[in-house]
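Quick one: the structure is below, questions incoming.
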C-alpha cells in the first residue's frame, strides 16, 4: 500500500522501518531531513513538505505535541493535499481539544480521520509490539488496519469518535506517572526501614504486579538509571498537563494528576527535564533523605 | 506437624482448612468460639485460650490489627506458653513498631519469631494461592516452611529481620490503594469524555497492566460493586495509616499516602466503612459529577 | 482630566462613578451599552467602540479576563487609537503572559502602559477603598496617579516592569483562596468536636488574625452565605489557574494552588460556579459530613 | 493568691515572672531544677515534685506535649495532691484525646479542670500579651481568672467542655502553618518572576493582611531567618499531627493539614527540626530552585 508518513522522530523511524519491511511504499516528511538518509537507503521516499507526503490513500502522522501537529498538519495544507476519501491516522499524544479540532476539520474537508496513539517505547515500535488505541469510523479503521498490523501487537478499537483514543492514551500515561511516583515513595519508605529498593521491585512484580511495565520502571527507579531517556521527563510533564487540561474542561478534579504534575515541576527545577520520565520517582526518594 | 493457630477470621478459616487438608494437626483459638464448630468437624481441635494454642512447635497467628495482637498474643501469655525453640509465625498486617516490639519480646523469651504477612484475599487463601512475605532467621523460616507450603503459592524470604516483611506488606497495600484511587480518577476523566469505565479497564488490563489485581479492582470500581466486601474499607484506611506511621517514624513524606488517607476519610464520612476497600475509587468518581 | 474607560462591569461602574465624582471627564465603552444609561445620566459620555474610548491621555481598562482584554484592547485597535504618549492603565486580573505581551505591544507602539490590578470587591471600589498594585515607568505612573487617587485608599508602586503588579495580584488572590479553604477545613474539624464555626471565627479574628478579610470570609463560610456573589467562584478558579500558569512557566510547583484548584473544580461540579468564591470552603465542610 | 506552677520552660518562665510581678505567691516545679535559680531569686518557691506544687487552690501546668503531661501530671499524683475544689489550669498544647482524658480524670477526682492553651510566643508571654483560649465550668474559670489577667491580653471563654479550647488551639496552629506554607509558595512564584519576597510581604501586610502575625512570619521567611527558633519546627510538626489526629478520630479529611505535615517531614529530613517553624515555608522555596 502507498503510505505517507509525517514525523520521523524516535518513534517514527522504527515505525517506518516496520512499514517498509511489511512491503509498503512509504513517502516520508521530516522537519529535519537529514534524519531520513538511512530510511531512504532502506527504501523510503523522502519528500520535502507535509503536503507532498499526504497524497497517498493513508497518511500517518507521528509528531511530538500539539504545536507540531498544528504546524505540520493543520497549517501545512495537509488536509487539502489529501485525496478525497483518504484517511489521516494521527498517532501522536495530543490534547483532547486538538483531537476534537482535528476531527472536525477532517469532517469539514470530507477526509477520513483516525486517532491512534500508542502505548510503547521506541524498542516496542521496532519490534512491532506497540499497543494501538484506535478510534474512528469503521470504514476509516479498515483503511488504517495494515498500518496497525505492521507496527502493533494489538489494536483496541474505541468507537467512532476519534477523541476517545486520545482520552484513553492520556489515562494510560497518567497511570504510569502515578506508578512511578508510587515506586519512588515506596522506595523511600522501604529504604528508611532497611529494605532495598530492588528487593521491593522483585517481590511486588513477582507477586501482585506481574506486568512488564512495573518491572521496567521499578528497575529504572530502583537503580536510578535515568539516562539516556527512552521518553524524556519533560514529555511526561506535558502529558500530565494534557490530562489535567482534559479534566479541567469537564470540571473534573484529579488529585493524583495534580500531585504528579507538582513532582514533575520539582524534577524540572532540579534540572531533570531530559532524564527518563521514570525520574519522577526520584523526587520523593531524595526528599526522604534531605538532599537534591 | 502439630500447629497452633490463633485467629479464625475471614483469612484464618481458609488457611486452617488448607493446613488440615495438608495433614497437619491444628489446635485453634478464636475469641468467638462458635466460629470453630465447622473447623472442629473438619478435624481441628478447639482450645479456649491463646496460650493453649501455643504449645506446638509452630504457632501461627492471623489477627486483625495491632490491638488484637497485643490482646491475644503479648498480653495473653503466648510467649510463656510456647515451648523453648518453638516458632511464632505472625501473619497479620500490623505496624512496623509493633513488629519490632514482637521481635524483641520473642528474642528476650528465646522464642523464634517469623513475620509473614500475605498478599491475597480469602478466596486466594482457600485456593492456597497466597503470596507470603516472610522474614526471620533461616532456622525459624525453615520451621515455618510447611505452613507456607500449605497456604501459599510463593514465599518471598526477606532476610533475618522480621520487620522487613511488615514493611513490604505495607508498601504493597499502599500501592493497591493508590491503584484504586487511580482507577477512580481515570474513570472520572474518561467518563467526562464519553469513554466507559469498563472499556478503560479492558484496554489497560489488555495492554500495559496484564496483572489480575488490576483487572479485579478495575472491574469492581467500574461496576461500583463494593458489597459484600472481601476486605472492608475501614481496614484499608487502617493500613494507609500504618504506612504513614512507619514513614513518620523515619521522617519520610509520602504524598500519595496522605492523599489516599484523605480519600479514605471522606469515604468513611459517606458511610462506606464496610464496603470493599475498592470503594476508595468512588470518591473521585462522585466528586466529578457533584453528588455523594 | 479626560479619561477613557473600557469595561463597565461590577467593578468598572463604581470606579467610573468615583472618577466622575472627582471631577474627571470620562468616556466609557462597554460591550453591552445598556449598562451605561445610568452612568450617562451621571455625566459619563458613552462611546461605541474601545478605540473611541482611547483618545484621552489616560485610558483605563477594567475587563474580566484574558479573552476580554484580547478582544477589547489588542484586537480592537486601542493601541493605534491612543495618542502618542498616552497611557493605558490595565486594571484587570490577567495572566502574567498576557501582561508581558501587553507591555511589549505598548512599547512597540510607543504608548505608555501601567499594569494596576486591585484588591477589593465592588463595595470597596464604590467607597474609594481599593488597594492598587501598580507597576510601570515612573512617568507613566505619574500620569495614572489621579485615577488611583479617585478609586483607591493606597497605591503600591512595584517597579518599572508592569508584569510585577500582575504577579503580586495573583499571589494575593491565591492566598485568599487558601485562606478560604483553611476556614472550610477548620470548620470541619471544629464542628466535629462541638465547636461552632462562628465561634472559631470570633476567636481567630479577635486574636491572631485581626484583618477584615479574615472576618469577611470567615463569616461568609461560617454562615454558608454564598449568594449573591460579590466575586463568583468561577473567577476564583480562573485566578487559581492563572497562578498555576505563571508558576508552570517558571517550573515552580505550588502544592497549595494545586489543592485549591482541585477543590474549585469539585465546587464547580456541584454547581457552585456562580456562588461567591468563599464557597470554596464548603467542599471540605461537606466532605466531613458525607453529603454534597 | 497561692499558685502552683508545673513546667518552667521557654513559655513557663516568663509567665511565672508575670504572676510574681502581679503579687502572686508561686510554687514552681520543673524537671530540671537548675532552671529555677533565677526565679527563686525573684521570689518563686522551688519544690521538688509536681505533687508538691499542686497544693494551692490553683495549679497551672505549662508542659511541652502529651508525654510530658502524662508523666508530670497524671502519673505523678498531681490530682491526688490537689485540695478538694482546687482547679488545675492546663495551658499546654495537647491532643484532643488527652484533654478529654484529663477532663474525665479530674471529674472522677472531683477536682476542677480548665483547659487554657494560648496563642503567643515567649516574648508575648513576657509582655502579658498572650491570647488565652479557656474552657471549663464558669466556677473554675472564675478561679483561674487572676492567672489569665497576669499573663494575657485577652481571654476567650469557650464553654464548659475543656476540650473545646484544645480544638481551637489546634485550629489556630494549623492555620499558621498553612500561612507559612503559603508565604513559601508565594515567594517561590513571585521570585521566579522577579518580585522580591520582602516586597510581597510589604504589599500584602500593608493591604489585605494587616495582622502582626502575617508580618512576623512573612519577614522571617522572606529573610530566611530561622535561627534561633522561638518555636521549633519539630513542635510545629507535632501540632500538625495533633490536628490530623483530632480530625481522624472524627473521620474528617484535612487536605491542607496533610500537605503541611508532608512539608514538615521534608523539612525534618533536611535537618531543620530545631529551626523556627517558619522554616516550613522554605521547602517550597527550595523546591522551586532545585536545591535543598
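As written, the chains take the letters A, B, C and D, and residue 1 is the first residue of each chain.
Operating definition for what follows: contacts are C-beta pairs under 8 Å (C-beta built on N, C-alpha and C of every residue); 3 or more make two chains touch, one makes a residue touch a chain.
Model, not experiment: these values are computed from the prediction.
Ranked by separation of Cα centres from chain C, the top chain is B. Counting C-beta pairs in contact, the pair that comes out ahead of the other among A-B and A-D is A-B.
Mean C-alpha positions place chain B and chain D at a centre distance of 40 Å.
If you average the CA atoms of chain A and of chain D, the two centres end up 53 Å from each other.
Put simply, the C-alpha centre of chain A and that of chain B have 37 angstrom between them. For chain A, the set of residues that touch two or more other chains comprises 247, 251-255, 259, 263, 266, 269, 287-288. Listed in rising order, the residues of chain C touching chain D in the complex are 96, 119, 131, 133, 154, 156, 158, 161, 163-164, 167-168, 170-172, 174-176, 178, 181-182, 185-186, 188-190, 192-195, 199-200, 202-204, 206-211, 213-214, 243, 246-247, 250-257, 259, 263, 284, 287-288.
Taken in their complex, chain A has these residues touching chain C: 241, 247-248, 251-255, 258-259, 261-263, 265-266, 268-269. Here chain C touches chain B in the complex through residues 266, 269-271, 286-292, going by the rule given at the top.
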